[in-house]
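Right after this note come the structures.
The following pair of complexes shares a single chain, subunit A, combined with subunit B in the former and subunit C in the latter.
Take a look at the complex of A and B:
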């Protein structure tokens, strides 16, 4: 497999406070990488540096390189283009409450313009099918996206991200606000999606990391402590901190 | 003992606030009741749709004044609402504590504190003195200036409360700032913007002083925007002070119509606001 993302000497700050310290990591194409670690360890900041969302916060700063297929997203790409190639799913499902279910899916494309009505309808159907939501909502596509259940809303948000045909999808604890049944659906979806995209998923649930990911990155106090195959991390962690975290002795 | 006195205080507070509320509402009810009892008798289809008759003849109506009020309000709205919305968008979405933002904010604050007659004098000096006759356009300028701060404030406030979650979703999709602002944030805030605009419209419907300096009055149907124009407000002012019983009763009728217009708008605002909350934004 090819390297999709290469991150070199990445540092990030909120004002004076350094949130990430010298991160170096290579993410392979069509893989799922779980990002784990205790609260405040820099997981969210890390993935938000990959779609340039970190800089949206006022006072936030970044240094280092994030290479997407070899091109630095900070120096050789426009932030908007980066975000179209690197999609994001948030902790709390956030469909646009002023748009219908169908419009939510194609919101990004519609607002960019240049798509015909039929094309948008087709893309809405295709992406709702991809997240397994089509059967549940096909008769109420005109209803508000906010009318769905939490789990359905989250899958709608994934469909919305997929509609942009991203090369990488970042997920920031996508199941932490969901019930167990919805969580299972999202996890299965993650496994299906890696056939054609590269996924980074933050999770507070180490079992979830073990279930869905190929690789696991453990962060602690802004540093990348350990990064290797998920099986190795769980069976034979090299670092004592990693072992203590995954066995639930702190966090 | 203590329990009893606590309960007493409790009851005292309750009746005191009830008393004050009643005292505050009484004049309002009184005004509405006297307008209805004095005004309802003159209402008729003719009253609403025809021109005033020459003095001394009975009959006639206030059709030209109703039409004039709507024309002038509409003219004031078409330029000031977009401007107010644009200012609100700037303050909510683009200003990051800049000097310009502080200046705009201060200007908006001051503008909303200026007595309405000043707007009339301003439009009088700027337009009426230049073209040397009273004109509805000057009235639209004066009233529009009064609407701007109300619309700008309502827009700014209702856009600011659009949740960070939704904004982040839009940023993460790579949607450009202008599209996020207009198609997502403004669209979600539209209930608040609309009620602000309606309240501003209702507010200027009651203004008389600026009209005396600008549109003045006419006994005829509006013939052009650059001409003097009748309005309900000035008609009430003229007729009520005339001392002729026929005109005084017509002033009551015109007051009733004006009150109904403002009341209708306020009810519409409540409808719009309720819808906004129902959407769960």
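Take a look at the complex of A and C:
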């Protein structure tokens, strides 16, 4: 597998407070990487640096390189282009409440413009099918996205991200607000999606990290402590801090 | 950085220690049997090994429950998988002792063979020390035990060679010593398996075995 993302000497600050310290990591194409670590360790800041969301926070600063297919997203790409190529799914499902289910999926495409009505309908169907939601909503596409259950809303948001054909999808605790059945559906979806996209998923659930990811990165106090194959990290981590975290002996 | 074992692991270790206590009793009896000091061991050892087997099943159940309830990772996960294997090895070691008691009863003879007693002591010391290394999470001691397997293997072969070169010896003695030596040699193998598991438990790395 080719390297999709290469992060070199990445540092991030909120004002004077340094949130990330010299992060170096390579993310392989079409893989799922779990990002784990205790609250405040820099996980969210890390993924927000990958789609240039960190810089929108007042007082936030970034240094280092984030290379997407070899091109630095900070120096050689427009922020909007970056966010189109690197989609994001948040902890709490956030469908646009005033839009129908179908319109939610293609909201980003509509903004870009240039699509015919039929094309948008086709793309809505295609992406709802990709997230396994089509069968559940095909007869009520005009209903508000907010009318769906929490798990369905999250899949709708993933469909919305997929519609932009991102090369990388960042997921920030995508199942933390969902029930076990919806969680299983999202996890299965993550495994399916990696066939054509690269995924980074933040999770506080180490069992989930073990279930869905190929690689796992453990962060602590803004530093990348350990990064290796998920099987290795959960069976025999090299770092004592990692071991303490994944065995629940932290704090 | 030392890590305290979670309570569920402590309970599993207690069961393995109890199982080890049964195997110790079995060993004391066999040693006396081989020294011609005790006879009719088979019924006692059958009961004790049954007890050990029940203990093994309980340990496996506790391990499965711990996997379901706690979904452990890293050393905790290794501790669970290793505990199941150690319990199995102890159960096998117990059955090997029962096999010796069967041989003692079947042949009902005593053949003066000091090398056999020596072989037994060395093998059982390996068992005892492998358990000490396991409970003490001592990978170095475990590695040292594995090296001693060659000594037992050689002791076993030496007994076979001796009888092969002594055509005058009673056929029963050849069979008794040969079969018993073979059982003892297998017992030492299980001490090595426990040691390999201990190394895996401590380091997270598998060593080549079985």
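Note that the second predicted complex is superposed on the first by the 250 of 251 C-alpha atoms of A that agree within 3 Å, B and C clash if a C-alpha of one lies under 4 Å from a C-alpha of the other, contacts with A are read in each partner's own complex, and residues count from 1 in each chain.
The working rule: a residue touches a chain if its C-beta (ideal position, glycine included) is under 8 Å from a C-beta of that chain, and two chains touch if they have at least 3 such contacts.
Keep in mind that this is a model prediction, so the values were computed, not measured.
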First (subunit B), second (subunit C), both or neither touched by A:20: neither
Which of subunit B and subunit C A:94 touches, first, second, both or neither: first
First, second, both or neither for A:168, with subunit B first and subunit C second: neither
Contacts of A:224 with subunit B and subunit C, given as first, second, both or neither: neither
First, second, both or neither for A:159, with subunit B first and subunit C second: neither
First, second, both or neither for A:190, with subunit B first and subunit C second: neither
Touched partner set for A:83, first subunit B, second subunit C, both or neither: first
Dominant contact partner of subunit A by residue count, subunit C or subunit B: B
Parts of subunit B lying in touch with subunit A, wherever the complex brings them together: 96, 163, 165-166, 168-176, 179-180, 183-184, 187-188, 279-281
Residues of subunit C touching subunit A in the complex: 1, 3-4, 6, 71-78, 203-205
Footprint of subunit C on subunit A - complex, ascending: 206-207, 210, 234-237, 240, 242-244, 246-247, 249
Partner subunit B, residues of subunit A touching it in the complex: 51, 53, 56, 58, 80-84, 87-88, 90, 92, 94-98, 107-108, 111-112, 144, 146, 157, 160-161, 164
